[in-house]
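Next come two complexes built around chain A: one with chain B, the other with chain C.
After this line comes the complex of A and B, so read on.
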């Protein structure tokens, strides 16, 4: 029987690992190579890296006030040493489980470069919304299994609406419309993130997790809100098909993934230990 | 680090066949970590010099065969694998291409080293999804070279919608219980294939690759 996947998500901003809350607060959380090594050893089933470096024009309005106050080295600009390709090059050498890279993808060439550097899957978000045919084009070029569409949603008047640009701008897509479209265009997997729950630590948006049950054939990874291991179990109970992802909780606890899996196994979840 | 020296040739020299499909970097990294000499190439002399070949690949059967033809690799591979009995490991699509023919997108002849067909999987349970994606158990036969001395639970990373159905059932060395059960590993003399991705399957995958690279024909 297929195992329930437990997936840590790492956020990278200008070459530095960060954490986030409601998509805005960013604090440094350590060295990206060391972290991927630990996650790999702790039996993470996959690792997702999202590069949330922003264009300098964006940095000032949303980022700097918060970022500047948490760590001095975060606002440094991307350069040759910390650019995402060099990061992928380094982490793929030690990451021995599937590695998904997302953030800043604007072209087929961007995908090709990341795969050549050692990524296994590519997560796309804003470009998919701006130009949905990019999903088709990229999945044809690299295979569906390689194209993860990351979907950020926020509840508005009882409906989950899809957001883009790191959750800053709303789109006119409801979650149902958008998921149906990305699947028809050849997406291989969905990374579904609740903006409302991001970084709050009070659990997944369980209604959302339930809502997507049996909706599509392709795998769905849920992200956003896990604050303790019980929340992983809650998500699984709500929808047994989803893969369970989390960010912050896996960063701050020693042997976090090993312990999360022990807990889940004891609770009857079929995980790889 | 490799444990065994090759008496005549020194360490295994691995060539990962580059035919323009799939992510080869992770295969390269996995072999490099084990301490073997490895290159990624479609150069005939690199393929001739290698002691072990790896045929990786993701994508469709048709594009796989088309690329092997376009890169002019079919004759040299036939020579090295069939005539010279050089060990080869096909991974995922690379395993499927070993078959006589495939049905993905259209009927297409394969390398034909393993008699059999590649077909789309059929779900047997409502809860099963395709592609079959994620970590699953492998039941290996006791005579398997690839799974030799691996005592942990055999759990590997899969991502595929098609599977190889070999005519000769004696070459099957691993089964996976999904979509009614499918052949996940084959071994026929110097020809090896895994439907799963050992290079993405953590320690246990490394061990399996190590077993392959320590295999010597004859």
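After this line comes the complex of A and C, so read on.
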């Protein structure tokens, strides 16, 4: 039987890593490189690294888009090192587990550059909705194992609806329609995130986790809401086939991933320790 | 510069962020505190403490790192009163005021708790002050390093896994995390938030410092952390942190506030121990990021509802920029530096998001509207280029 993957998700915003709540409030959790090193040392099965910066560059004069400047380091320019390619170059050097990169992808060329810089997989979201054939094109070009379609959903009148643009804009897709479509177009994996649960810390949307059981033959990674290691177990119990991802919680304690896995192993989950 | 619509923080404040409605994460986190079931949290805390209680009383139950201030007194008092046997641990900074020193010695004596005071060599610390200032813009770098290292070394040596700090400072002031996160101490936080991205190794070789001068800077290895089970937690995640209540409890147990007003803030009960805390260390925060202790204190007091925003702003106006004579002289004397040299070095750390140069003066936006100049620029023409603004 395959081992259940435990996957930390790192969010990069304006040059720092952040914790997120409902896709809107982002609080600083530090340097964009160092945590990759720690998570890698703590034996994460994979790392998903998403660039959620809203602007492609920021105005250092007004400081309006700056978040969480922590450093008084004289040698460090206060300019954002926003070039995601340079970020990937740096983190891929220290990352010893598969690395998925997402955020701001608009073309085949964007994917090529990220893979060349050291990404193992690419997560796409808005572009896939705007132009579904991009899924087909990219998986044909790079292989479907490389293309992760990230799906952000919000529950409306009892149905999960798909959102785009950092969860800001609704689409007309229901989750069932959209998953069927992305699978038929050749997506290799799905990163399924609940906007409602994001950053609340009260657990996955378990109905959602259950809902996708047996739906598709490609791997699904669930994300959003883990506030306690128990929640990972709850997710697993609900659907044994999903990979368990979380963002915020792994930032808060020392050796968080090691401890989460120890806990899961003790609870009978088949994880790699 | 964007300021919080509720308190006095600018958006560049360390580890702070703002919502789309211009409310800072510090205010948002403060509001979360009002919704928390503190009794349940306190029970959770007690459960956690007793889980670490030493078997058969053959060791201490936990470590409380203390500076000697009101919060130190409160923590020691609280944990002792639960019937536990804590060990107090202090990294002695060599910058204690007379009152601070008395307070430090008072805790263990008045509460009947053993106290481990680690005193690094003053000669080494003088060098650390100088290098810290020149390299990181913070003469108290050694202080942060000691406070967040020595208790863990003691924990490792004496096999005491649980280390209990007071408030999570960045969450309290800036809302770095949310109250439900219950952040614990990590190597990442130590490296980035506490040590500002520098390592002790950056100091070796400067001013003749060697590895053996800096043994107290070496944090336990991951293996040691695993073996001993070292865990640094923050009491403020579990106990509602009421400064006024803590002062009262501290005073009942012999704590004294600062006998005179500070130069840089109106509060006399906070940051009493180390003379640079409300002195040049904090002045450097103003130099770097354009805000100081008065912004911290007024923001806290506005959130607590004991100060109006107008009063807050007038305190910021009065205190934030003040150059603290007493602490400055103490530092200059310790490291044998002139005030001119100090100003030249300090200016190099100004953040261009905050400061610009015009007519040879430093300018920045101010919270009461408009812009103000704050004295002469000491940088060379070359160094000045990144501070010129296009109108």
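Convention: the second predicted complex is superposed on the first by the 246 of 273 C-alpha atoms of A that agree within 3 Å, B and C clash if a C-alpha of one lies under 4 Å from a C-alpha of the other, contacts with A are read in each partner's own complex, and residues count from 1 in each chain.
Note that a contact is a pair of C-beta atoms (placed from the backbone, for glycine too) under 8 Å apart; a residue touches a chain by one contact, two chains touch by 3 or more.
Since this is a predicted model, take the numbers as computed values, not measurements.
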item	value
First (chain B), second (chain C), both or neither touched by A:119	first
Chain B versus chain C as contact partner of A:27, first or second or both or neither	second
Chain B versus chain C as contact partner of A:254, first or second or both or neither	second
Contacts of A:240 with chain B and chain C, given as first, second, both or neither	first
Contacts of A:143 with chain B and chain C, given as first, second, both or neither	first
Residues of chain A that lie at the interface with chain B and also at the interface with chain C	none
Touching residues on chain C, where the partner in the complex is chain A	1-2, 10-12, 14-17, 19-20, 25, 28, 135-138, 175-178, 180-189, 191-193, 196-198, 222, 225-226, 230-232, 284, 288-289, 348-349, 351-354, 356, 389
Chain C partner contacts - residues on chain A that touch it in the complex	18-19, 21, 24-31, 34-35, 38, 41, 60-64, 66-74, 76, 78, 199, 201, 227, 248, 251-255, 258
Touching residues (chain side chain B, partner chain A) in the complex	22-23, 25-26, 29-30, 32-33, 58-60, 127-137, 155, 157, 159-160, 177-178, 197, 199-203, 205-206
Chain B-facing residues of chain A, complex	1-3, 5, 40, 43, 45, 92-93, 96-99, 115-120, 142-146, 188-189, 217-219, 240-241, 243, 272
